[in-house]
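By written order: A, B and C. Residues from 1 in each chain.
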């Protein structure tokens, strides 16, 4: 996998996902040490190319790179919709000329990491592109579930919320279905893409039905713009129909866990009580994020070795 | 004056239902005769063995970007691209900068065309001032200046009351109203056909119903007013059905389809190539099939390129921000020949949709090889294999999804008014 | 069932598995496989080494056995048992994967799979006894020492190698050797479960003439 781009979960095989998770579990141990650093990527340059603002994901990647002793550089091009200083591909070409070993890209528009990957020699990690994919989020979610439940195969996962605009939903749908879980999505009809069943999930507009027997319940963040009336009439209505609280959670299995990619709109997607205490594993997700990103950076940073390229896969 | 004898080609003249191998004589800018083994003294001989001989194609829908956007294309380069593609005439849309909503502007365009374009240029003037969809343009004055139709293409007239009055008024001048039918409120921020592909790509979707809704509306309004409605770049089964039903009721509605909507689907967008971003978007397989069927059945009258040049740096942006459109004058023939090879259209029927019917829609001369008609002729080698490199083409722009693709079929010579304007070996020939 | 062992002469080869996948390596296919150390021989060697460790170290309560996966693990376990008997001391047993400290990570197509690391005791002030099955170039040991330093400051570090097969590339010396096995560079030497043996029996074999496997290290 060295030198291979990680643009989405769609392209990963079950075997590759397993490999990444296995490696992330080992990286967790590094995070538990007092000296949380290993020399593995010493001398490598990792660039965080974030066109879309993000504190947590960027920090997570930065910490991950630094724990591997890499030099991490943050590059935040102006995203003003007025005249852009430089086109995206020009930015990528300029970066390519500086020979980074890995570039992490986040952008508000889908497809940008793909275009950038065509220009860069270094591998590209998609840290979120529009509504398309956010593979490291899905991978850390898979890791969290694997550790909480001991397995992923055969579990029932329910994803609640704005699936239409969510890259986290898409990546998780690919990830969990590839690893053998049964995935259901639930949300207001205006926020569930038509034909989502083609991705191998069942869609519900009734939350209770979607929760029956779930082992894992994942609530997605709903943006204020959607709540303001365009897709959902009001915050109050969304919380009343799709907000998860203890009562609704009873429809799921007794030992179901609650997840959320964060940041949580308390009282909207999740009731107050569900955020901070078990069965919520939200903080585990965050913690696992660093280990997972360390695993990804470890596995792909670098140029593919010419003579052993055939070993990839 | 010049006599040109085109020998031994397969003559395809839909105006006379003619499909046979024969010679064609051009003299003084007109077709002067046709028959087998003609002997004409002093005529320049052109061997057309193995080639098709057809009336020059007429493109009902192209953007020549003049005035105001000449970095993408201008009348000279657009005209050259046209004859290189076998088009002897091009109808150019009004969404220029400033908009062609004024007789002086129409005049300017025609003047430029006379000086610089090897192909005929027929300006389509705006239907409403500034393309704002509020106040109609001076259609009578524009007709006099040389406009052949009116269209707000690029935009849509959202206000149905305005659309009704525009259609109604157009009867004064008897020119068609060409629409870009898309309910903008349904399109929203959609940039790709709404469906499985848009879900997988994570891009906002543009549902086919956005086109259907407006075509139903426009057909009803055309019925109400008795005007001639021409639906631009139709792409959905729903819209086609609305058009067919309208025609059955006697509504004067015609329509066109692009080469890309006949051959590509939204799956071409997987991979985020902005050269596949177009409005209306590439649709799903069912819509594509419906377009092909409707074209073969004659429900769709014409093939029009919607040649929409954009500069490299403009297409080199995020998918959502890149302007929609692809160039098509130089590749249209090769692309639509696929339908002939698939047995869906005969060569004669293809030519009808590329030349004869377009001439009828905008009521200009052309699409015919009968004696006395203007010598706008194209020689086609349907088997010619070539790799398309937009950088080597005549258009200033390169935004084509067929860049680098091996194509089959090409115009090898184009005559406009009896003058050889393009020959494959020598390129575009200017007077 | 026997512990899993890595293919090739090194504990840190590409196809190494964690100790939790308990399938033993199948015997090598090559014709020229020779047994150089059988289970009774290994046991005797480990008994002797345990005695040597006690001899050399005045304060056995400071000892800390740290196994280099995968081969070092069963050996370290036996040593722990031996030391318990001989010196009546409960020596802590750690497992330290050295993969993240390797010096050859860029020269390959795939990053090697990581193995378990479990260090139950702190390293400060301890006499760390590294345990590896086969020592060849010395690079694995070098990586292990770097890793160890990240855990703290041992009082000293000593090295047990069950088999010393020579071909050092770094100045690493073994403090305790089970057996010296001269080999040519392209042979593979490995610790594996003894076939048709009862649980836990080990043996070391040398396979001659096989091309050097990617990931082979010493």
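In this section, a residue touches a chain if its C-beta (ideal position, glycine included) is under 8 Å from a C-beta of that chain, and two chains touch if they have at least 3 such contacts.
All values derive from a computational prediction rather than experimental measurement.
J.: Enumerate, in label order, the chains that touch chain A and chain B alike.
T.: Touches both chain A and chain B: nothing.
J.: Comparing centres built from CA atoms, which chain ends up most distant from chain C?
T.: The most distant chain relative to chain C turns out to be B.
J.: Chain with the smallest distance from its CA centroid to the overall CA centroid?
T.: If one averages C-alpha positions chain by chain, the most central is A.
J.: So, what's the distance in Å between the C-alpha centres of chain B and chain A?
T.: So the centroids are 45 Å from each other.
J.: Between chain A and chain C, tell me the centre distance in angstrom, where each centre is the average of that chain's C-alpha atoms.
T.: Using C-alpha averages as centres, the distance is 39 Å.
J.: Quick one: report the Å distance separating chain B from chain C, using the average Cα coordinate of each chain.
T.: That gives a centre separation of 75 Å.
J.: Where in chain A do residues touch at least two different other chains?
T.: There are none in chain A.
J.: Which chain A residues qualify as touching chain B in the complex?
T.: Chain A residues touching chain B: 10, 87-89, 107, 109-112, 114-115, 129-133, 167, 170, 193-196, 198-199.
J.: Residues of chain A touching chain C in their complex?
T.: Against chain C, the touching part of chain A is residues 1-2, 19, 22-23, 26-27, 29-30, 33-35, 37-40, 68, 298-299, 302, 304-305, 308-312.
J.: Mind pulling up the chain C residues that touch chain A in the complex?
T.: 97, 100-102, 105-111, 113-118, 146-147, 150-152, 214
J.: What residues of chain B sit close enough to touch chain A in their complex?
T.: Touching chain A: residues 194-196, 198-205, 271-272, 313, 316-321 of chain B.
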